[in-house]
Each structure stands twice: as C-alpha cells, then as structure tokens.
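Accompanying notes for the structure given below.
Chain nomenclature is as follows: A, B, C and D, assigned in order of appearance, with residue numbering initiated at 1 for each chain independently.
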C-alpha cells in the first residue's frame, strides 16, 4: 500500500466523490479485474466482475476455492499490494467513492471504519502475541481518538455484544486461549468495533462446527439489524448463503456465472455450475468435506482460463450450447428481473434442463 | 644426577614470539664469517655489511640523566618473578632491577666481564672446586635488614626444593648436592635454622664458601645467575614468593598484576655506594604486558613506550619501515648477533643418518642463505652460521668445514656423499619442527634444499611446548617416529663455550627423557674436549680446546649450524645508554635511562 | 544453516523451513526453476571450472607457472626477504608474484590451494551428510530413547566451542594414526573434525522431515506390508529427504570451506609445504600483507569467490527446491 | 513457569557437565594416552624425574582419571588445595587450576581476557543487530526493489568473506594505507572510553559484517514470512497505518526467531571470537584459548572451553525462557 510505483491505476481522473443518494447501492463493483503476474504467467484471478450491495442487505458470493472470491473481497478492502505484480482495473465504489483510483492512504482511512472484514481462520487471523483486548482496542482507537481506558470499555462491550461470557476477564486472554467459536466472535467484535457500514466476511464459519456456525450466523444477522450494514459473505457453502443472504453471486474462474436474489436463484437456478453446487449440497446434507465433489473435473488454471465459457470443459450440457461456448465468453444477461446468468445454453433449454434433469435430483 | 640442561628457556613455553632470548650484539661484527670465507655471495656479503650498521660494541645515547619513567612493553609475562625460578633471558635481565647476586656482569658494551656485586670481588679457585666470596658492607634488603651470607645460602637451598621451587636452572644442585645423601631443600630441612646444606659454609655473616663435587671453571657465572639472589627466610612464601619477591636491587615492585602490568619504584634502602653496576637512572619503571607484537612496534615507533623487554626484534612491517628510514635505523635500533644459534639436528641413531656420509650429504646440500631468509634475512634474522659456538661467546673462532659457493649448498658434493653412503638415489625421512614462529619456514627451506638431492622430507610439526620435552627430547620417540632431522636452537645461560655445548653435544648426557643431545652424538673427541675445557684455567689452552671441540662437533655433521641469530631492536628516542651485552644476549636493561 | 557461521562453527541460523517433497515432479520443476536462476547457473559453471582447475592443477601450473613448492630465492631481496619489484614481483613468468621468504609462485599455490580446499570441504560435507542423515533418520523414525540420545548429542556438539575443540583434536593427533600418515592423515583429521561439528545441522533437518513423514500413508503402507525398519528408512524415507539434504549440503560446503581455511589460518591445517588458502593468509598475516597486499588478496579472493559461488548455487537450489524458504 | 525455567536450567547443567567430561577426556586423558604427560609439560623444558614426580603429585596426576575429574569439578565449586607434600597452595573457587605456562590461576586469566571479549562482542552485537535487522526489514518490505537487491548482494558477499580476510584488509586500509588508526590495539574501557571505542571500531566492523549479513538475510526471510501471515492482513484490514502494521504486527513475530539466534550467537561470541581476536591481536578469550591449545596449556584450554560452553549453554537457556515470554503460545500455563 505504500507502493508508489503502481502502474495499474485506472487512467480516469479522480473526481471528488459525491455522497451517494440514499437507495443507491452502498457498495458497487463494476468490471472489476484483478490479475497477478507470476513467474509462470499472468493469473487472471478476477475477470470483469460486477455486483452491488445496499445497506441492510447481504450478498453471498459462492464458488469453489480458486474462483476469485477472496481476491475480490481483498480488492474491495484495498488489501492487495499493488505494484509490479498486482494490477486492478474497473471500479469499486463505496458510497459512491471509487476505491480503485483513491489514494492508498484514503482507502486505509476507510478500512476498519466504514468497511471491515472478518477472516476465515480466526486463529491465524488474530495476532498470537497480543491479547484479544489489545487487538480490539487497537482496531477501535485507530479510527477513534479516545483514551485507552475508554477503548477498553468499548472492547468489553463488544465482547459482551458478540456473546462472550465474562468479557472483562477474557479481554486479557491471548487468542490461543479462546475456543474456535469464541475466537470468531472476538474477530467479529474487532470488525464491528467502529460500526462499519460494509462488512465482508470471508468464509466466517468454515473452520467451525455446525452448532457454532449457526450461532455465528445469528450473530451476524443481529449485528446487521443493529448497524444497518451491507454485508458481503464469501463461502463455498450454499447452505450458509441460503440462511443469511438476500442476494447471491456464483463465481467460477474469476467470473460471475449467475447473480440474483437468493430465493430466485435457489428456486430457478439456470447455470449448470450452480446446479452442480446445488446438487452437491443437498445430497450430502451439508457435509463440508465432500461438498462439490460431484462436479466432474477440477477448476481451471487461472493462468490458462479456457476460452469461451470458462466452465465449458466441465459442463455436462456443453454439447447443447453450440460451438460458441468454447470460443465466446457468454455475457451475464438478465433472464428475469434481477436474475442474471452467463451461459450459452438457450434460455428455454436451461429452464427445461432445470425442470427435467436437475430438480429431481435435489 | 644431572638435572637440567644449561640453556635459557627459549620459546619452549613462550607464546607467539618463538624465541625468548634475544638478540643483539655480536660485538665482533656479527657473523663474522664463515659465509664469506669461501666464495662470497651477494647475500652473505650484504649480511656482513648490514650487521656492522647495527650497534655492535656501540653505546647509543650515553647519558647520566636520572629521573623519569621508563616504559617497557612485553607480549607475555615472565614465567616467574621469583629469581630462583625464572628461566627467560629477558626476565634475568629485568631481575637486575630488583635483585643482586654475589657477582654480576660489568656494565659495558660487548663481551662483559664478571665483577663483584654483593661480593667484594670475583674470586678464583685453584682446584676449581672451592669458591669463597666475601660480602660488602652496608648491603640491605628493601626493608632495611642487612643481607648476610646466610640469606644467600638459604636462597641456594631453596633451589633444591624442586617440588616447590622449580622452573629455574639447576646447576646449584648439579654441583653442590651429595648424591649419596641428597638435600631435600629448606622446607623439609631438619636443621633448626633450615641451613642444613653441607656443601655451603657460612663461617660468618660476610663469608660464604661453596664446596663443589667436581671442578667447574665457570662457577662464577653460576653465581651471577638470579638463582643466587639472597632471600630472607622470614619473607619466603614458597611457591607464592614469585608474587612478592623481596628486593635487594635498586628498585622494588610497587604493583604487580600478572599478565598485565608490573611497576617498579626506587628501593629506599638501596645504597649506590655499594653498587658499582646499576646506574638506576629512572625514578620509575613500568612494564606493560600481554601486548600484540605489532602493537609493541607501533608504540615504540610512536615513542609512546621505550623498549620491548622480549628483545626478539621487530616484526616484519616495522622492519620494513626501519630499513627504509636510515636515520631511524641509525639512532633508534640495535642489530646484534645474540649468541643464540639455529641449527639442524641430524639423528645419528636413525637410519640412514647413522652413516656419516648421509649426514655430510645434508650438510653440503643445505642452502643456508635460504635459512637466513626464513629467519628474516640478514638484518631481522641473522648471519649464516658455520660453527656451533657463536660470535659473542668467549673463545669463538670462525671456520667452515662444509664450504659451498655463497653458502647456497653444493648439490654435486652432496650427491657424492649420498653415493658414499649407499643411497645414490636419495631416501625419505621426517623433519621435526615446532609449529609456530619462523621454524616452519625454515623446515620448508630444508625440505626444498634436500629435494634437490632426492631426499624426500616430510615435515612433522609439534606444539612448541611438547617439542623439546617429548617430540625430540625422548630418544625412543625419535626412533619410533623415524625422525631423521629436527630444527633446533640453543642459547647459552652465560657466554662461554661450556654453557653453549655441554648439554647439546655431550655423549654422556643422552637421557631417556628430557634429552637435549637430540642427535645422540657420542664422540669421544667432543666428550673429552668438554671435560678438558671446563677444567682449564689457561686462556690459550682453553681457546685451543674449545675450537677443536667445536670443529669436532661440526665435523660429525650431527649438528649443522644454520644461522647465528640477530635481532633488530627498536627503542624510543628518549631511551639512553643502549648497548648490547652478551650476558643476556640483549641490551643491558639496568643501564637504561630516559631523557625528556 | 543457510549461511556460514563464521566465527564459530556453531549454528547461527535457525533450522530452515522444511522442504515438502512431492515426488518426482519436484526434481523436474526444481531444475526448471534453477535453470532460470542466472547467478546460480553462473556459479555452477564457475564451480565446475574450479573443480577442473583443481583436478588438472599440475597441467595448469606447468603451462602458466612454476611448481608450487619450488623456492625462488633469486627473486627475493636478500635484506628483507620480500620479493623484488612491485606487486610481489608480478611478471609474465610469475602471474601473481612470489611469496616472501621463499619466493614460491603465488599463482601456482593459489591453484593448488583449490585442491585442498575443495577436497576437505567436500569430504567433510559428505561426512556430515552421511552421519546427519543416518542419525537424523534414526532419531526421527525410531523416536523415544533414540531420539532423546541423538537430539542431546546434537545439542552437545552445538554447545561446545567447536573451533577450539577442532584445534585441540588436531593438536593431539599424532603423526601416524589409523593406518595413515603424512598429508593423508592430516586431511583425514581435518575432514573428521569439520564433519563431526557439522553433521547436527543436517541431522536436525532430516529429523524434522522424518518426523513429519513418519505418519504419512505410504510409510504406514510400507510398514503394514511387513517392511523392516531399515527397509522403511532407506527405501521410503531416504528418497523423500534427499532433496532437502542436497540443498543444505550445498549450503554446508561453503561453511566447510571457511572452516578449513580457518583451521589452516590458525596453523592446524594441512602439512607444509602443501599449499592451502588459509595457510597463505596466515603467512600474509605475519605483517607481510602490509608490505604487499597481493599476499593476502590472492588466497583471500580465492576463498571469497569459491564460497560466494557455493552460496549462490545453494541459495538457488533452495529457492528451486524449497520455494517457501526463499523469497 | 518456574518449573519450566528450572527444567531448562537442569537441562543446561547436564549439557555443561557432559561438555566438561568431553573436555576432560580430550584435554587430559587423550594426550596422556598418546604419551604426553601433562606433568612434563608443566615442569618445563628438560625436567628431571624428581621435578616431574613433584608436579605429578601436586597436580594430582597420579590419581585415577575419575578422581582427577572429581577434584577438578570440586575445585570449580568449592576451591581446592594443590599439595606436593611440602608445598600447599589454596586455589579458591571457582578454581580451574593453574596455567602450565605461567602458573597463573586459570580463572584470573579468564577474568583478564573477558573485558576484551565482552567489548568486542557486545559492540559488534549492537552493530549487527541494529543494522542487520533494520536492513532486513526494509528489504522484506521493499521486496524485489533496488534496496533489496543491493542488500541481498552485499549480504551474500558478507557471509562469503572470512573474517580473517576482511580483518587484514581493513587493517591494511585504516592502519597502513590511510593511517586513520595508526596502531589498532585494545585499550581498556576504564582507561579511556574514547580510545577504547576508536580502536575497537575495525574489529567491530569486521565481526559485524559477517553477522549483519546473516541477520539481514534472516530478518528478511522471517519478515517476509510474517508479512504473509493472516494476522498481518487483519492488521491492515483494521485500517492501521503501514508503519504500525510493519513495526508492530509484523516485526514482533518476525523477531522472535531472531532473538533466539541472537542469544545463541552472543553466547558463542562471549566464548571468544577466536578468528577476529587472533587477526587483530586482541588478547580476549578466543586468543588465549588458541595460545593455550598451541602451547598445550591444558588447564587454560579446559577452563576457557568450559567457560565458553557455559556462555553458549546459558544463552540457550535464556533464549528458551525469553522465548516463552515473547511468544505466549509456548508459555507454559
């Protein structure tokens, strides 16, 4: 972030961001492209991705590992170290302000205050050598000029809020002295310490057992009510999305495959990849370990993304989609209001397959 | 019972420098010599030339100015400050500040004479067995108590207590003990006054008489060794006396921190009227010890100190500086032949060197100028040697029994000798040397010389401390390890041929351990020469005997003289009365003064 | 041990990250990565050349110099024992001049010094690798008392002042021992003392590797098929620790070169007049370097270039075979 | 915690004891087995049998090896008598015996040499720690940049240069060519602190070059590893300033392994920087130990070895304990 040699900033002049009128999306991502240069070639981690989230609403981003979910979230937070190796293009508008072109220092000021993030593995994401309390206090004080004692009181409140018993005492514990669920709660407490308007949760429940998972999701819902935040939740578990999200974005190989309201997509999924995800979840009854195993093949190398629809080599129905599927990238086209799908299969064919072949297996 | 060889302990236990006894002086023009006697080479002639540029016989900066502090430097501490135990030449020289003996060396450049010190005069003995000394009046210890003959007898007795008082020379035991009833030393003495040694008589406080068990012409020299320094019985602390010896000389120890510093201040009870030897010019003397030798040179060059007590000569970088600065060289250095000899020992009991022709081959093959270079060249190292007696010694006479052109060796003659020895194609042998100092370079030069006649030499380096005591000092080890050649060096305890030769060439002194006749030379001509020489009072006869003996040794080719040691010593510009004395093979510290 | 410990032979570097071998493809992908590493490849070529020079030293010297032990007194100033002329008497006949005191050809001695240096360093490294691998595997695989004893032994060896012990050992070894004598014995002793203090570095790495491999399926499988301890160790474990051992052995070589030179510099190296870089530096250090820097520069730069090349190659190997440990 | 420390201390003492046995065997048993009687070494150049017998009795060399070792060990803790029959001397604890060379108590030789070694190692340690760690951090943060590449090259050269070569080179330049410090020698700190430092500078530079290079590489690697850790990302996600992220969140865990290595290195250095002291002619522990080995001064060799091992082991124990304080995860509860 201190890198001044960034060569990838969009050439558009930075205009003073006007406060977004209410009702417009709080976070708007447009044509976001993130690529990394490595010794083996350029990794196209995110490719022309667009979505938006309003305050009070939750977007779930789903996809196998390596589909670009986490890269997207880190791009929003401005946590990629831009420079010779990373390039980011497109727009990320937070309350109307473009973060891609904003100076690093400006983005830093927003991080933790207006947008915050919860990470996947709370054990590795919390600093092992500082107490839980210190870490929350630090998160709070970086954006609030208050005394240490006041920040400490705030940290106690937060721990209490996220449901940690005896919060005043546990403040001085180190992360390794917490259980997995408690650590995630503490992580959330840290993230919400400044009442962020955007909360990004990257696989917040993956490392946790099922009961704790449910508790954490409840907690996030409650917090959303309290702070009216926009939430982006990243997961590979459709169950989590179904439980907490309003909207869903299915990603594959850095690209959006399907995007829409949760009920709509779950009921009328039109992308073969989404079908695969749906099939895997129901059949195994949320057993994490083997989720998604049912989709044949493995995710593509992001250095050599297949031309056309990136999913086509694994797609059971590619014969039905015509030759374009392996040459032309399908647009993310609206099939019904608010529901977009990127697929070369004719709409009617997709609906027929869903009805005749997919739904019976679910 | 022969106890200890007569040599000044050099390097044997000393740290880096290698040789302890140092250098200076060859009054009569160092190295006179032999190198030049047959075919002069540019190398050896320049060696003669440079040696005369040194101080030999000269007195640098004479002055009677007293006062000031004399600042001396040393790399290591003395082995002991107990006069009976020290065996380093420079420590004997330093002892002159705090100790006096019955007789001592007269203060004069070059070959010194003995003169009375505590005794009124230097006695003579017709049978060379009975020696009587009379003490001066008014001589006292540093606490004011008068020095009596009993204090001297007590000091002599201490040397017999080898379990406590060890380290020093043992001539006193050799010549005064009764082998049928050995004296155990004063600590185990049953005599109430602890004066039970029968061979020393003290009829009164002023008289002391020694009854030797055999004739010994050099006895007065033994009486000049620090071992005969009087010790007050009441102040004798045995092994700890080394930390606080009672002074009888012009100075006394003010403060002593081992390995760091020793300081001397004037002894208030020293009476100059009783002392014709010590000038005692400075008010104070400081010896700083434990220094790096290059550091020593630099301090001397910068005049921030006055002299180096080791007197082994400057290091290479300082030597380079001095040779490039004629005025520095002239005013502030001495460059004398020390009396020390570097030689090659050729083991007569190791095949094929049991054959004299094989030994002769080595003697002819050696390039002695290479040895000279390995020692540091004609200025820093020494002069090419052809005799075992060295120029500063009494009765030294130059000759060369193995002349080669320019002293560079004669391959043809060497090969002839090899053929005569029955080894025309050469052979393999082992050469022992110490692992430190310049001896390794010397060994490599021997190796290179002998390679020319087909003799393949393997060098066997030993830690200096075990070199003389075990590697080459135990004949059984020498035979077992097939050591045919050994680098060696010798310095006499006093400047006479007997002190030089008796331990290293006497065939009757080949010991199973602690041997110093390394080559195991047992030549009747040499043995009888030693006996005759030391029993002779006639100067001319003595001269003849000693030269013949020296020739017999060299002719045996069991010992091949290589280099007469020289040292280029540096002094500060304020040091006065610098001259070489062969008594210690270095400058006479007792005469130093400082100006400025 | 990613860097030479310098002052003492004791480790100054934590045990490096463990390489995760993934089978055959590791070797190939590692080679591909290594080929892209220019400094490492150049170093490799340099070291091959150096090895050739060492092997064919007599040919080199007969073409460009004089026998390494042949004195040339005529080239010295008889008064100072220093070479006549500037730069140590450099000339077309004596490319790097001649040594003081005996006038030996510095070029030849530098070339011959490579022999001792490489021979001792390679043999010592081989010793360390053999002992370290065997004991490291035993400790890691057998565990329990074996592990305790071997781990304590490694601690012990890392706790003693190794240069001092090495010198003391060299000093007490007689001139004939173990059926060897002369230069053979000296080189053997040097190899032994350097190797004996170096093996714990390899031992620790191997032990760590084996500990993590021990519970893996293929080991279990092999064991359940009735394979004995030694079969498992040498058939299954050894191929899997080979890559990290190779990498750290390469990084141990420069350390051992420095150690050999250090011992020679302190006077307990090979027997005179055998040329060695450390010994040449010792000669120079006795004041001669201040008179003519070439005495110190020739052996010093030879050590530097060789050690640097091995370090570059080792770093390259580590980056290629253990990407986690590098940049 | 107390139990943990106690456990480490006992472990350290056991190792030290093993080192002492090893040293005793190496320095006293082996030479004698090879035919070098220590009494002969002690007694001088050509000692007579009576002297050797006296020395043998005085040093207790006529006793069994076990007894001799026991005498030595007891001497270290409670002092011991040296008794030759007529001469009894008391060597107070910690008694490591007397030097064969000059009859000084070994302990006083060590005490004399310690300030030199301490000055050399502490000064160098400060230098290499500060320079090595800071350049390592900068390299890691600006990975791949110009600074990093230059630092990598310099470090690689640094770890490839023997101290005795850089030492001579530096002496040649500052002393003989440029005459900046004409005569590099050790000056006691109490004598003149300015001269003390001035004369130590070349040795500090030489010794720290090697270690700086090492620490630069280590810090860089360690820092790069921690910079990739999730908790550093968390720190950034909080909106902390980059300086805080690096200086606090990344540096502290990155330094944890460095502290370990630093402790061990310091322990080794305190045992005597043999090559540096030898090259600069400083009479520190390293130099006296080399002299002692070369002159077969067994008590001094043994004493210095144990003293050096003591520091190395002490450093090991301290490092373990410190580690527990730095890293709460390994802290025993």
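To be clear about the criterion, a contact is a pair of C-beta atoms (placed from the backbone, for glycine too) under 8 Å apart; a residue touches a chain by one contact, two chains touch by 3 or more.
Keep in mind it's a predicted model, so treat the numbers as computed, not measured.
Of the two chain pairs examined here, C-D and A-D, the one linked by more C-beta pairs in contact is C-D.
Most remote chain with respect to chain B, judged by CA-atom centres, is A.
In whole angstrom, the spacing between the mean C-alpha positions of chain C and chain D is 23. Per-chain Cα centroids separate chain A from chain C by 52 Å. Distance from the chain A centre to the chain B centre is 92 Å, each centre being the mean of its Cα atoms.
In chain C, the positions touching at least two other chains are 171, 267, 290. Of all residues in chain B, those that touch two or more other chains are 294, 317, 435-436, 463.
Under the contact definition stated at the top, the residues of chain D that touch 2 or more other chains are 35-36, 144, 176, 293-294, 296. Interfaces, counted as pairs of touching chains, are A-D, B-C, B-D, C-D. Against chain D, the residues of chain B that register as touching in their complex are 1-5, 7, 9, 12-13, 15-16, 76-80, 87, 161-164, 166-167, 170, 185, 187-188, 238-240, 242, 258-260, 290-295, 298-299, 302, 317, 435-436, 463-466, 468-470, 473, 477, 503, 511, 513-516.
Across the complex, chain B is touched by residues 69-71, 73, 76-82, 101-102, 171, 175-176, 181-182, 267-268, 271-273, 286-288, 290-291 of chain C.
Residue ranges of chain D in contact with chain A, taken from their complex: 141, 144, 229-231, 233-242, 244, 249, 252-253, 256, 326-329.
On the chain D side of its complex with chain B, the touching residues are 35-36, 40-41, 43-51, 53-55, 57-58, 84-87, 89, 100-104, 108-109, 112, 176, 182-185, 280-283, 291, 293-297.
Across the complex, chain B meets chain C through its residues 42-43, 46-47, 50, 294, 315-320, 323, 367, 369-370, 373-374, 376-381, 408, 430, 435-436, 440-441, 443-445, 447-448, 451, 458-461, 463, 481.
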